[in-house]
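Here it is: the structure, laid out below.
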Amino acid sequence: MSEETPTIGIGMLGYAFMGKAHSNAYRTIAHMPGQPPLLPELVSIAGRNLEAVTAAAQLFGFEATVTDWRDLISDPRVGLFDNSGPNLLHAEPTILAAQAGKHVLCEKPLGMDAGESYEIWQRVAKTGVKHMCGYNNRFVPAIRYARQLLEADELGEIRHVRARYLQSWGGDEDLMTWRFDNAQAGSGALGDLGAHIIDLARFLVGEITTVSALTRTFIKERAGHAVDVDDAFEATVEYENGAFGTLEASRLAPGRINSLVLEVNGSKGSLLFNLERLNELQIHMNSSPHKGFQTVLMTEPEHPFLNFWYPPGHTLGWQDSFTHQAHHLLTAIREDTEVGPYGADLEDGYRAAEVCDAIVRSSASGRREAITYRKSEV
Amino acid sequence: MSEETPTIGIGMLGYAFMGKAHSNAYRTIAHMPGQPPLLPELVSIAGRNLEAVTAAAQLFGFEATVTDWRDLISDPRVGLFDNSGPNLLHAEPTILAAQAGKHVLCEKPLGMDAGESYEIWQRVAKTGVKHMCGYNNRFVPAIRYARQLLEADELGEIRHVRARYLQSWGGDEDLMTWRFDNAQAGSGALGDLGAHIIDLARFLVGEITTVSALTRTFIKERAGHAVDVDDAFEATVEYENGAFGTLEASRLAPGRINSLVLEVNGSKGSLLFNLERLNELQIHMNSSPHKGFQTVLMTEPEHPFLNFWYPPGHTLGWQDSFTHQAHHLLTAIREDTEVGPYGADLEDGYRAAEVCDAIVRSSASGRREAITYRKSEV
Amino acid sequence: MSEETPTIGIGMLGYAFMGKAHSNAYRTIAHMPGQPPLLPELVSIAGRNLEAVTAAAQLFGFEATVTDWRDLISDPRVGLFDNSGPNLLHAEPTILAAQAGKHVLCEKPLGMDAGESYEIWQRVAKTGVKHMCGYNNRFVPAIRYARQLLEADELGEIRHVRARYLQSWGGDEDLMTWRFDNAQAGSGALGDLGAHIIDLARFLVGEITTVSALTRTFIKERAGHAVDVDDAFEATVEYENGAFGTLEASRLAPGRINSLVLEVNGSKGSLLFNLERLNELQIHMNSSPHKGFQTVLMTEPEHPFLNFWYPPGHTLGWQDSFTHQAHHLLTAIREDTEVGPYGADLEDGYRAAEVCDAIVRSSASGRREAITYRKSEV
Amino acid sequence: MSEETPTIGIGMLGYAFMGKAHSNAYRTIAHMPGQPPLLPELVSIAGRNLEAVTAAAQLFGFEATVTDWRDLISDPRVGLFDNSGPNLLHAEPTILAAQAGKHVLCEKPLGMDAGESYEIWQRVAKTGVKHMCGYNNRFVPAIRYARQLLEADELGEIRHVRARYLQSWGGDEDLMTWRFDNAQAGSGALGDLGAHIIDLARFLVGEITTVSALTRTFIKERAGHAVDVDDAFEATVEYENGAFGTLEASRLAPGRINSLVLEVNGSKGSLLFNLERLNELQIHMNSSPHKGFQTVLMTEPEHPFLNFWYPPGHTLGWQDSFTHQAHHLLTAIREDTEVGPYGADLEDGYRAAEVCDAIVRSSASGRREAITYRKSEV
């Protein structure tokens, strides 16, 4: 790597699923073609269980290990605080890190609810650091390409957005993790899966103005613990631009492993994306001489991010979305540019939380709930 | 055909799309293997435009033509009154035909609303004739097979039902037909497309108890006429058995031609059906050694209706659902058995109408609307 | 049906799978929209087993039954002799029928080998009657549409043709039928399945000039009988126009039910067809702004045969190809036009047989075998 | 990374497509979970163009750059010589590196023909170093899983193997690279694409004993240069275990980007793999209650390599096959185990070359050519 590329120290909170994905991204980006904007150095990783975090540090390539995340914040070598910890630990560490002058990347969902999410956003925004919320699916090439088509008005007036995120692992009734505990997770499928499709719908189509929703817990006890989060939700939503559609998520859909499927119908064409086949975008344009979706492999040099990688047809994996995301954030830090609109910043994290809250509200009230987004006071 | 097979005279109202499908069914069933229960004779067909109905009579094989549908009812040769006419003409002719002792098959949606549908059902039921509502998709082999799997509890507790019916022909803004006129059609995509998926969801999963819905008219003027029916609707629904899910229909989904897609997730497995590939049923069972949907061609001898037809792999068409439906109705007439539960009778037609009405009501009220089904007073 | 439409009497030999498909076609065409060219009357059907043929006659709608096919030929009411009998009975009845002035439709494969096929063609051709060989797949809308695209040079110079026909029913080792007996069938998968893809390849791309092939019998004994026909073959072939490709067929491909798949690659685009999804044609054109196949539902009014049927998206079945084929033949008879090039005539039947023979020859010789087609001497 | 993990120095020849994929693999493996067997250090990279190789070194993370590959061999820090150079440079550098005591990884195809491939294999084998040929597709999880199923006799007696590798980039007639020059590449689609499917067919099904083949050059001139390599080939092949099937590759298949598709039919089931959807394996087992292929996402913990990575449904990319391959080779080096049978060693490289040569031979002779594999004399 070029000596001239400045480095940035990474301090990471959390060493599970997201910690691994983020670490791998920092490692990979440093060695990908195209001068990286900054060279990440994996300075320190925090976790309460010393043994486990030490093992993770070794595997992920971190130089040091701490059991108190405050040590990351006080570490002068840390330039970017990466919060890959559980939802309950998103607010305080992220805010304090920003106040200590660290740039921050916080996993989704941002806060435990919209109120907390707003707080995180506002307090971080005041500090002037760069901030990002980990909606990595924005960095799947097919999703970015869909955004480009929509920005270029290739689809015309948008009428329908169908977004769903279905998994099946929740069907194991003996399984009990923090993800089924409201105090730790804030919600179930809603924040875990629903937040992803809410962000993607917002990213592609625009703001959601109303929701009519139902949440449901089918498996009420797991391994002797009462479950107080949703297994699934169903919602109809309206968009600011006049479109309407559905949002759905479930952990109880047998045969669906990671089925984030998104369809947009406009007056001039339609798009269809499926995360299980993330290298593909299904496109139909009315201008085509035939009717029907075309299966387009998103691996051509003109497709987003692809000039970083391999010749056409050599597919990417889910992990690569994190590498693209990290590259984007580091570029924003290096060049002092905005994280948005292509990356999700903490305002995006807050706005998704407002939609999640409205879904809960509507499920309880039985009414179509309008959503009011608070403005920044910074 | 065997001399011993009794005949039944068909009197048909309507000679457009449905008239053609029904006529072809009567013709085909008469010559299919397996002794037909009754041999249809195409006695007479009614239409206001003499020239058009005469041409249709010739093409469909009817012996006579009338311009007043009352002539069908007074015709003693007519044993089955087939109402394939426009929605506005469903009530009176169907009721009068039944009162004249004719068995009746009425196209869907049954009435202009739930009230009228209830009336039709009740008045016909009082006469004691056999009655059917033309929800032909129940007679697609894959749908009947899905029903069999569900009846046998192969899917366990049902959690989700996702049903949608998308077409794109409404995108032509210059197109104006009776289907866009509320006075003639009663509703737009809701009654035309939505009614089909409502019936299938009821057929497979059970009664719908609440709906939260939105209807929308995107194209407000067509060829100079104001449009007063919906182009599309989106709804979340709850079922009596505890499942919940979505219902959606649109005439404005580019790339979707006849995309009736239905997915059911239970605790033990999932099913997926797509009318554009009606010879297939996608099946996932948790008992499978692998996770993922299996694409099963519904053409084996053990599949419903298939012992009527050809060796495995020789696919059926959409038309064949009408032939199966006609065979079912004629069997009920011949053997004095019930049309339900495998066929839709007028009560099914009424119940689907209640769901349609609740969708309209919820769209207006912004509330989750409970559905109360009226009982038969016969 | 219009009194003015002349009738034509059908005399049919054979009452099994093909007899049923042909009968149904004659019945359906008579009542389809668009004035039928001739109105078929099902005069008489021949079969050796009186009881079985009588049952078939009743089901298929034939007026009379005979146990000696010669009685069909001497019957003055028969205008079209439909030979749906086993391969061994293709030659003599077809020739004699033509010599008696009947038009003839003979199922494929035409003769037991190329020599016999040539004889049938020549002797029939001398009589001047209309003659057709039952390559019904030419009448699937997607196949005809593919032909239209190729005729219009939409694909440019053709480079590759990959055609295969896979089934799995032969995997049942206890199953023994005439199809496994060389004396009755002439060959196994080759004549049964291979002949179909040979005809389609010829129909779409042109004449085959050489083959290098292997045939194989994996299951050498069935229910105590030695099997002397092929279970499968594999071949590489060259075409007159410079293209080359593969032909394969098997009865031993688990999971494949009726998998006739055909792909053509040209310098300007590609086409892909699958008989199990016969309502679809996969199209890629280099002129598309994106790369990838478009799944086109062949149900638009501008697609072949579709103006006969239903609105877009209402799919056809395999049976309908026979109806289209019958309509084509009756049109040729009524209007004295050629059966070719859109229908297969007996010369096409002969030419496919030459390719089949060359496959057998090459398998034995281990050499690439050139094919010489004999010219008509009529 | 753990201080205890020994390191191994990598010296790489070549900095294009494969150089990038290999470098990324070495980088990624070092930081993946599961103690890596050896920690790769990217010591030095060789290329004739100093400027280009310097840029690559920086991007890939190599410490040093040389313009003469002999300098890699004389470098004592290099423990593994990675030959990602053009085909013409496979033999001498690989042999000399092994003779200098370096372990070797040589890209495929191994030599310019079977004779040279045999030489490379034999000379390297004599030295006792670990040797691998870069058939990375063996390390796609779905392929390894297919191998496991076949080893466990889940498919029974194998009857058919259909393997093809189709791309379309060769359709650009203005494109001229070393890949179209026989002196540099040795062959066209045959060695580039065909070698991959030959290796996979061997890996899964066993040795190929005969081939009947045709090669073809459709575009005979590119940018003013005569082309002397094949654009495509078609072959029928026999296997030692009695199976037979086809092999095909082309650079001229519009709509096909990286379409390596492989189907295996056995007496008990079938498998289907498509490199464009490399996270999926299509499985049909006769033991299934239904007939048809199941689409299985290869991302479960029990699937090969997946315990290294993420939760189910989080897909991998093409690059990851190289990481798995590098991990396998480093394990063999560290633990002194065999590269085969799961990795391809140089004998596998030689054997694939024998099949390629036989394809050329058969195309010229017009005969089915038997293949004789030379034994090791070491």
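Chains: A, B, C and D, in written order; residue numbering restarts at 1 for each.
Keep this in mind: a residue touches a chain if its C-beta (ideal position, glycine included) is under 8 Å from a C-beta of that chain, and two chains touch if they have at least 3 such contacts.
This one's a predicted model, so the numbers in the text were calculated from it and none came from an experiment.
Trainee: Could you tell me which chains make contact with subunit B and subunit C both?
Mentor: A, D
Trainee: Name the chain whose C-alpha centroid is most distant from the C-alpha centroid of subunit A.
Mentor: Most distant chain from subunit A: C.
Trainee: In angstrom, rounded to a whole number, how far apart do the mean CA points of subunit C and subunit D lie?
Mentor: 42
Trainee: What whole-Å value do you get for the distance between subunit B and subunit D if each is reduced to the mean of its CA atoms?
Mentor: Each chain reduced to its C-alpha mean, subunit B and subunit D end up 55 Å apart.
Trainee: What is the distance in Å between the mean C-alpha positions of subunit A and subunit D?
Mentor: Whole-Å distance between the two chain centres: 35.
Trainee: Could you list which residues of subunit C touch at least two other chains?
Mentor: Subunit C, residues with two or more chain partners: 257, 284-285, 291-293, 297, 312.
Trainee: So that we know how the chains sit together, what is the shape of their touch graph: line, ring, star, complete or other?
Mentor: Looks like everything touches everything, fully connected.
Trainee: In the complex of these two chains, what residues of subunit B are touching subunit D?
Mentor: 280, 283-284, 288, 290-297, 300, 312
Trainee: Enumerate the contact residues on subunit C facing subunit B in the complex.
Mentor: 1-2, 17, 20-21, 23-24, 27-28, 30-34, 58-61, 167, 169, 257-259, 275-279, 297, 299, 309-320
Trainee: Inside the complex, what are the residues of subunit A that reach subunit B?
Mentor: It is residues 157, 159-160, 162, 164, 166, 168, 171, 212-214, 216, 218, 231-232, 234-236, 238, 242, 244-246, 248, 250, 252-257, 265-270, 272, 284-286, 291-293, 362, 366-368 of subunit A that touch subunit B.
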